[in-house]
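To start, I am sharing the structure in question, which I have written as structure tokens.
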């Protein structure tokens, strides 16, 4: 694995979420994975984006104030939510029919690794520290029109999470179309990784150094 | 087979009954199995559950399931959530098997028949039947017609019909016709027994 | 084909429907095929029987008076109907999931031929005088727990419609459990046709003579 | 792809538009194709429809379809009604193919892959996609959320999502939120265009 030469000023999780949110067009139907992807909802306030939750909801609104909690409204992360006007409810088969049938414009998922052919590994590190669990990750990976991955560019030990070939168990084959990391935005194309944007002060070479696959210029 | 997503739409009191009855050798089909409190914990702790068929047997507040699993005291069939839902719906709808792109080319699809359809690799999945389904509803009438409250719908409507015996605990009993034809979310044909248990709101 | 020796007094369509209706227990969920089977609904007034219609209805009630027609309520035969209290509506996929999934207690269908192994032919005479059409017949034949066929015992030319093997194109394999004709009620069992009941004045031999397969006594 | 069962839930005015536009070479997917009046008749008579995929192309008041079919002027893929509904639902739900017992061992299953599953002969059926779905709704809002009236539901909800382009004619326009989350029968995600056409009750 490549060893970064210099220490970069990286984006926070909130900044990463905001950067990703900026690219979501008005009117898109979007599913946000559990964890960091959930933050994306905080940065689309000026646009009408319709959020889906796997447990059977479309039109998920912001978190309620404590005094306004509706105990029968939770999202797939088991957090209390609200519904927007225009929201709808349905059962789990319909909810995943919607996902698998290619109706979601976008799923934002976390990732352990993304390969240059778009393969995603995000459900198991093999070691299964927290025990095996897959949830809706494989369905979202296989089903959404666009799969954007929101993750740090490297592991804590400095290894690239953007790789030639995933070493962890796969979630879905060739499904990732874009990656938002704490230093860059990278398109996954038929030719491999293409740098789309980088964080302030981060150069192409900075990103390539931290990517264990060939990075192409746009 | 157990309705609910997390604690919303989960038939807690029917689970209590399962504990009280001392049923053992259970294969539990449910989206979540990593309970932190309640009768699910008792069922797991007492070894009443032999195997779990589940997409997410993990819970932020508890490592009970994971510990049992690591010790080899409980079996697990991990199923992607959408495939789990579709297999249950298939059981109810008389579809014995179907192809899906979900899990194709992954560990969870590895032991299954795979086939390329329209250029896309798919796995063949089987309908998932149960002996008993325990469900939670918001309203029920004498015929067993049901409605659910908001996110309480989830797996309940599709499990109705996927088991030989379907038992529902309902928050509210209503008269026939109080639900308009369009308001009935699960027709009574799928339901064998209804128990009126006004237990109140779910606790996360 | 056997030639009847004597002319029998046969049941009318209404009498056949009433005879069948008498065997439907309270609480059953029942689908009535288009044509003569529809008449069965007129003879269960004293019991709560819940009728299904393929176009997405459970709890179909009697025909409305002309002044009470609801134009958005028709059955699969495209006749105006009413809904009972407790009725429900759903889409066509759910409606046939209900059929195919084995949830209906009973489907009452018309028939061209029924074979002694329970094979049913009721959708095409091969000649297709009225053009090809199948509707929900194959789904009902394959899906309902019980399939009872309501039909004349013989064709207009006197041929038996209860046969060793169907000559017309099949609707469903081994699915018919009972036949109500204008002279008899016949169970379809693993051992073949078994006479269950016959019309007033009709003997076992009368029925056997008009049946081109072995008829067993009960 | 055309919603409706008989004339209830049929998007008549969108059909009129299809005639006015002079579209030809149509493959028509609908439960019924034996129309006795209206634009369906025009489409059939003018040869705009090349082929029908249908369970019941017959009509007590008209022999138009049958005549065309006998003269070899129109193609027909006859599909059992439940299989038709399930194939359309499969297209919307991302299931490329499924096994069903319906039509196994019959003429309509003869050309298809057959397999015995759990002791029962089944046929493999393919998802049925369309380029365009024309639907009829009772209420629609700006997002395309829909509700249907009584028996007007039928094939409309499952066709929404089974076509590349889904156009709905609605009797009533409502504001976002006027339909409660539980009242929405088809979420707007499946709908591309909505046209407000308060045409009144269907005529049999």
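Each chain carries a letter (A, B, C and D) given by its place in the written order, and its residues are counted from 1.
Simple rule for what comes next: a contact is a pair of C-beta atoms (placed from the backbone, for glycine too) under 8 Å apart; a residue touches a chain by one contact, two chains touch by 3 or more.
Computed from a predicted model, the values in this text were never measured in an experiment.
Visitor: Measuring centre to centre with C-alpha atoms, which chain is farthest from chain A?
Guide: If we average the C-alpha coordinates per chain, C ends up farthest from chain A.
Visitor: Between B-C and A-B, which chain pair is linked by more C-beta pairs in contact?
Guide: Most C-beta pairs in contact, of the two: A-B.
Visitor: Averaged over CA atoms, how far is the centre of chain A from the centre of chain D? Could you give it in whole Å?
Guide: Here the centre of chain D sits 36 Å away from the centre of chain A.
Visitor: As a quick test, compute the distance in whole Å between the mean CA positions of chain A and chain B.
Guide: 27
Visitor: How many Å are there between the centre of chain A and the centre of chain C, using C-alpha atoms for each centre?
Guide: Chain centres of chain A and chain C, defined by C-alpha means, are spaced 55 Å apart.
Visitor: So which stretches of chain D touch two or more other chains?
Guide: 86, 89, 93-95, 100-101, 150, 181-182, 185
Visitor: Listing for chain C: what residues touch at least two other chains?
Guide: Residues 57, 83, 89-90, 93, 96-97, 99-100, 143.
Visitor: Any two chains that touch count here, so list every such pair.
Guide: Touch list across chains, by label: A-B, A-D, B-C, B-D, C-D.
Visitor: Per the contact definition, I'd like the list of chain B residues that touch chain D in the complex.
Guide: Touching chain D: residues 86, 90, 93-101, 117-118, 120, 122, 147-148, 150, 181-183, 185 of chain B.
Visitor: So in the complex, the part of chain C that touches chain B is made up of which residues?
Guide: Residue positions touching the partner: 29, 50, 52, 57-59, 83-90, 93-94, 96-104, 143.
Visitor: Please name which positions on chain D make contact with chain C in the complex.
Guide: 5-8, 31, 34, 55-58, 63, 65-66, 69-70, 76, 78-83, 85-86, 88-89, 100-108, 121, 149-158, 185, 201-204
Visitor: What part of chain A is in contact with chain B in the complex they form?
Guide: Residues of chain A touching chain B: 53-57, 70-74, 76, 78, 80, 83, 89-93, 95-97, 99-100, 124, 130-139, 142-143, 169-173.
Visitor: Could you list, by residue number, the parts of chain D that touch chain A in their complex?
Guide: Within the complex, chain D touches chain A at residues 89, 91-95, 141-143, 145, 161, 175-177, 179, 181-182, 184, 187-190.
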